[in-house]
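I am attaching a structure below and will ask some questions about it afterwards.
Order of writing sets the chain letters: A, B, C, D and E. Residues in each chain are counted from 1.
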Amino acid sequence: KDSTSSKSAAPVKITFWHGMTGPYQKAVNEIISDFNKSQSKYKVVGTSQGNYTQLQQKIMAAAKSNSLPTISQTTYTTVPDYTENHLLEPLDNYMIKGSNALSDSDLKDIYPSFLSSSKYQGKYYSVPFSKSVRVLYYNQDILDKYNLEKPTSWEEIAKDGEILKKDNVYAMGFDKSWDMEFEGLARQAGNPLISKNLKVNLNSADSLKAANFIMDMVNDGTAKTAGEDFYWTQAFTQGKSAFYAGSSAGVTQMVAQAPKSMKWGTMPLPTYNGKKATEIAGNDIVMFKSGSSDQKKGAWAFMKYLMSKNETSKWATLTGYVPLRESATKTDAFKKYLAAKPYNQAAVDSLPDGFQSNAFKGFSEYRTKLLDSVDAMLTKNEPVKKSLDTLQTQTEKIIKDNKD
Amino acid sequence: MEVTFKDVSLSYDGTREILHHLNFTIPEGTLVSILGPSGCGKSTTLMMISGLLAPTSGKIFFGDKDVTKQDALARKVGMVFQNYALYPHLTVLENIMFPLKMAKVKKPERKKRALELAKLVHVEDQINKKPGALSGGQQQRVAIARALAKEPSLLLLDEPLSNLDARLRIEMREEIRRIQQETGVTTIFVTHDQDEALHISDHIMVLNNGDMQQFSSAETLYDNPSNLFVAKFIGEPVINTLAIADFQGELDQHVPADILKQAVSVGIRPEALQDHDSGDDTIAAIETTVKEFEKYGREKNAQLDFHGKKLLTTEIENTLEKEQKLTLYLQKSGFYLFDQDGKRIFGGDQDVK
Amino acid sequence: MEVTFKDVSLSYDGTREILHHLNFTIPEGTLVSILGPSGCGKSTTLMMISGLLAPTSGKIFFGDKDVTKQDALARKVGMVFQNYALYPHLTVLENIMFPLKMAKVKKPERKKRALELAKLVHVEDQINKKPGALSGGQQQRVAIARALAKEPSLLLLDEPLSNLDARLRIEMREEIRRIQQETGVTTIFVTHDQDEALHISDHIMVLNNGDMQQFSSAETLYDNPSNLFVAKFIGEPVINTLAIADFQGELDQHVPADILKQAVSVGIRPEALQDHDSGDDTIAAIETTVKEFEKYGREKNAQLDFHGKKLLTTEIENTLEKEQKLTLYLQKSGFYLFDQDGKRIFGGDQDVK
Amino acid sequence: MKVKIAMVLRYVILILGGIIMLMPFLWMLSTSLKTQPETVKIPPIWIPKQLQFSNYIDAFKAAPFAQYFLNSIFVTTVTTVGQLFTSILAAFAFSRLNFYGKNIIFVIFLGTMMVPVEMLIIPNFVTLSKLHLVNTYAALIVPWLASFFTVFTLRQNFQSVPDQLYYAAKIDGASDWHYLWHVLVPISKSTITAVTVLQVIGSWNSFMWPLIVTNSENLRTLPVGLQAFTGDAGTNYAQLMAASTFVILPMVILYLFLQKYIIAGISKTGLKG
Amino acid sequence: MLNEKPTLKSTAKAFLYLLPMLLITVTFNIYPIIKSFMMSFYTKYDFFTDKVSRIGWDNFKFIFSDPDFHIAVKNTLIFVVGVVPLTVIISLVIALLLNKIKWLSGLFRTVYFLPFVTSTVAIAQVWHWIYNSDYGLLNYFLSLFGVNPISWLESPKYAMLSLIIMSIWKNLGFNIVLFLVGLNSINERYYQAAKIDGANSWHQFTNVTLPLLSPITFLVTINGVIGSFKAFDQIFALFNGNPGPSKSALTIVYYLYQKFYTEWKYGIAAASGVVLFFMILVVTVIQLSYSKKHVHY
């Protein structure tokens, strides 16, 4: 109400919890201090709460004891659960209405997949923050050795596999689970695993085909999952596979671990069924209801600041996450960064084809089941059809149970 | 402190009673010994006096004060345990100082006192050892020193000298007696050594099987045993016991007929069997055969046969031959009759004088 | 089993030697008592015989076999510990059965044997109790039963009767003696009770301060103490000791001059001081003053003053008055001279006969 | 001869077992001195080509470890001392005192050990926040001032101290309180040292709780600092291991220092008689 | 007085001794436990506002018919049976060995204690490396005996075994310390008596060491059983935040954790906690009553 008087007084304190550690935490802090310096009304205080798991627990505990921060990092898939429990402030009033709203050009500039995943039941509840995409890593040494081209489609990779198999080299390496790639392939077949209106397509013909495509590669020895290593990174650096479908955030690690002598690169995921798609992973920022209106206003200012062209490009260069808006990729700073770190190019190139799965209430439960299902196919040799049929029923039940 | 037991019974497990309805008063300032066979309840009695064990029924008084409900801490007694119970983590000196420390005696003062006590019990050269590195007798002496340290108003000693050699034993018991007399502390002393009990105590309590048999001075105990158990328990060599049936008419003259009718056993102290008639004192004369005769230094012992029963005497003046016939004169003092419950019904002071 | 110590020394902590160069042989089949003041090393000696403690130097033989390096298990001895060391988690019966179980005796057989032993030591009504619920004497008896159970070839008993009353003590020691004689097991018995040692043992070893003082029969010990310590330690009442300077010429007649020159102290047993001259046996006559005269039952004790020194005698025939002058006749048997190291240089058998 | 063979056998077993036990530590040390590519090299290398001591410096700079160290020391000390105190008192009551409901209370306490901490975190956080203790040192300490495991361990030990010493202490004028502190505790010093070590380690390594109940960096403890090396994109093993090494080193030193007390039992000097 | 029955006064005194511990425990253990018990009956419930709209047995019905919960119970039991006896035996054996040696004993004790001090994150890394199917140390050793590589962490058949091995290894040091303390408080004189009675080392062990160590064995066992029933951390660390391949290491607490923190099903999580509690309780009560007969103080 009395915003003028509060201006001269101490700035409004905005608490921000996140799950960033190490160099990432440093980057967050840098941007926070940029924001705090850029104005005097608000003061953002960021705290790292360890990793995402601990962050989730902490939010739960804080919610229960009414001591939530003003804003927090979280995955957008928790939004349905948070809203169900009336914890979140819808952002429409700040983001598309009001004095400090995003302009139309802003909204257009931000990658649509980011915006769409910020929306739940027609309202914005989060803004994108630390985002990464799936990209394809390739081992140039192997390609050279076997005279292979960089693949344009998944089908080509499968074919390359036939050649590489003879020398005990895999064509494709996956992380422990291939659920992201599965969802990607299914999308490319024109079939989101769970549609916006919550139709479950897990055992549809397209989905089955996609899953079978992957499992066939795994079963006939042209592809391999990381298993106990969790990320395929390590195996990739050892030349175990020609390609690796992994997170763009893994580039830093890959650079650190790959022998200097190894030639490798990144590129957007190839097409499947003639279409392109890459799943976006990462975290958003949400605003809790419990803050004061001043805090909320300030929090929004901060969120907007984070999405601004310069800041998001700075964030991306500091961390390796992708910029949130297209214009940011055009800034000089970012271009310079890409020139220095060409491996990060692929992620930016993939962004236009990015998608995110639809969040709904019970999403975490569904995701647990999805991982279980993939796991069963991999470790118990459960037939794809059987596994996905079960998943289909389970998921339908989850959605139904969460309706009432 | 006068200690009184009023009808005190005790059972450890609630089923078997160990001590039965004890009633006695230990007069203030005296030294009382408890004597009795192993397992009769001596330690248990001490534990109840100390307050470590609560009687199952009955009351205990210190002076006029009912202390039945008070615990050991409140009763402030000193005690030497039969198994010493030294603190294994403390040195000898610290063990002795412990009660003083609890009594908040200043450090230099308590060290001084403890050193004195260590000297008293001759462990002054062991003071820095832990109990584990002491010999049995040394441990026992440390336990005595510890009990004396706090100058209690009641001192309980459970076989405190059992592991000491004869010399030290006498020295210690005289020390204890001296301290007891100097300070006037009421002292209760469990010992298995009659001689010790005799020499040290004002009164002796004889326990058997959880029952008090007699509580009196050493002489009374010897001269007027209240029952067969006491008569047999006290005295070295042990009293001769015979069935009344072994006597035929020899006793009629001196013992009233009604008493003789109740009598079941006869007890005759070895020194009450003489080989010469001393007139008035003689209660009867019996005919015996000499079975064995021994002279140990100044002692003369004879084993005699009387109606097929063995008799022992120490009062022989002449040298005897084996299988020699001998008339023995039974002296009044040292001759007792007991009824079927073992109660003395004849003999002792009332019949001697 | 014959047990031999050859130059055995022991130190617990490597600095202070507790036992010094012990040399002795315990003949097979005998019962030997170890006597000595508290802390002199009796238990330590037993522990070394048992193999629980290794000598710091020297060798131990069982018969001809050097067992110095063998541990307790291999030596197969039976032992009663001074502190009983009963297994707290086993009942009385199980405690007694334990050595039999280890010897792989069949269950019914070992139960039978254990029950017999329990009866022998009178704990048959306690067999299902744990040691913690036993009286001190009962625990000690269980320990004896346990040691007897395995019928060892060498039996070591460390004050096994110290907590028993006089009656039971005599009974037990006679049991032990009987079993020892029946089975012929070599037995070593630590006791602080001279009387017990005297009655039970074939030989007595006297230890003091880790040195063996004398090893001989009870009579020899009494009649021919090899030094002042033994003379003082054995005998009740204790021997009278005087400085040689207290005598002026009274001894010249019977003691060779060269011996008299070396002599430092004089020992006179109380019974060697008579109030009548018995002729040949009398070694000297001295003038004394009566200080005290007591009659305890059959005993007569007199305390006399001789040149300001106290003398005690038990051989008074007449009744004495206080402060009365009295000529005492010193008997040869019971009169000793010791040199400055305490060694006996006069008296005993060689000088008496 | 037999004795010697047994001795040799003992050492052989212990050495083999020891190698297995030592592996993680050696691995940590070795990894902490590697370059990043070396950490994931296959087959693994034990001795890095060049020892990267700089990892330690980098690791130490990665988070405010100095502050964390102080916090850890403070929190661990107070927690351990407090917990020992409450546990000793409670263990004494359970082992020596007669009171109504002893067995029931004991079983209930035993029951508290049966509930997984995962269930307790949120309710306890709520409680602390009602007490306005969230984000204070108290929040890190207070809930851990009682541990039934410690009580239980001490009770087991107190119960095996002979009754005779309790009797003797009573006679010597020691109240229960004095008996506890002057006799029971010194006699049980091995056990107490052992639970202290276990407790210190538990407290030192505790991670989840400090993170949940504190919001400010300057209240956080060492294990939280270890988070700095793991992230979305993977783990910086070399620095993580370097940091882990200096986190556990104090514990190893503490153990080395205290182990002689754990072993200095009462057997040799003995509870004679 | 030792044979005295409890009285009001003695009870009051005992509670004074228990008070500090009671205060903390009631606040931070008992109270939340009661809360959880109640929560397990809430079938419609707003966790954040504590508004309960329906109560009943549905949560229990749910878990009893949930195949995942069945797997969790089975795995938990396998884990307990696999870990506890081995831990007790191995740590006892090592404690005995450590107690028997003199030379380097301090060093060995420290070495055996190390896994317990080392941080879980570091440990999980090492075990990953040991268990790695391609280049892991374990498979390397087995290959020396001609055993084909085993996929320790990725095969549902072996995952539980791997978990058990790591758990035993991790907690060994802790139990060894407790056993060492126990061994050291056994009075030497009982061994002396046993030697005299003809007990060889083995008999000394079975007849003196074991019975007199029973309070510590009891403690270690109870603690091991309770700890193993609550297995969670080690699974989370070893399988990178998964309950093992094909849920082969899904334990009750893991199930609870998933329901609570990832699926926000508080009632069901609480119900599984309650079931776990009663399972442990039954086992503990059995152990307690067994101990009455076999533990000697």
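To be clear about the criterion, a contact is a pair of C-beta atoms (placed from the backbone, for glycine too) under 8 Å apart; a residue touches a chain by one contact, two chains touch by 3 or more.
Remember, it's a predicted structure, so these values are computed and weren't measured experimentally.
Student: Could you tell me the least number of steps, going only between chains that touch, from chain A to chain B?
Tutor: Each step joins two touching chains, and the minimum needed here is 2.
Student: Which two chains have the greatest number of C-beta pairs in contact?
Tutor: Top of the contact-pair ranking: D-E.
Student: Can you work out the whole-Å distance between the CA centroids of chain B and chain E?
Tutor: 58
Student: At what distance in angstrom does the C-alpha mean of chain E lie from that of chain A?
Tutor: 38
Student: Quick one: report the Å distance separating chain A from chain D, using the average Cα coordinate of each chain.
Tutor: So the centre of chain A lies 39 Å away from the centre of chain D.
Student: Suppose each chain is reduced to the average of its Cα coordinates; what separation in Å results between chain B and chain D?
Tutor: Roughly 57 Å separates the two chain centres.
Student: Send over the residues of chain E in touch with two or more other chains.
Tutor: Where chain E meets two or more other chains at a single residue, that happens at 2, 4, 189, 261.
Student: Which chain D residues sit where two or more other chains touch them?
Tutor: Residues 42, 163, 167, 230, 266, 268, 270-273.
Student: Using the touch rule from the top of the page, what residues of chain C touch 2 or more other chains?
Tutor: 83
Student: Which positions of chain C touch chain E when the two form their complex?
Tutor: So the residues of chain C in touch with chain E come to 50-52, 71-73, 76-79, 81, 83, 85-90, 98-99, 102-103, 146-147, 150.
Student: In the complex formed with chain E, which residues of chain D make contact?
Tutor: Counting only chain D, the residues touching chain E are 7, 10-11, 13-14, 17-18, 20-25, 27-28, 31, 42-44, 85-87, 89-90, 92-93, 97-102, 105, 107-120, 123-124, 127, 142-143, 145-146, 148-149, 151-153, 156-157, 159-160, 163, 166-167, 176, 190-191, 194, 197-198, 201, 205, 223, 226, 230, 237, 240-241, 244, 247-248, 251-252, 255-256, 259-260, 262-268, 270-272.
Student: Okay, in this complex, where on chain B does chain C touch?
Tutor: Spelled out, the residues of chain B in touch with chain C are 12, 35-39, 41-44, 82-83, 126, 133-138, 140-141, 158-159, 162-169, 192-194, 232-233, 236, 238, 271, 297-298, 314-315.
Student: Taking the touch rule as given, give the residues of chain A at its contact with chain E in the complex, in rising order.
Tutor: It comes out as residues 53, 56-57, 60, 63-64, 81, 85-87, 176, 227-230, 362, 364-365, 368, 371-372, 375-376, 378-380.
Student: Under the touch definition given earlier, write down the residues of chain D that touch chain A in their complex.
Tutor: 36-37, 39-40, 42, 62-63, 121-122, 125-126, 129-130, 134, 208, 211-212, 215-217, 224, 227-234, 236
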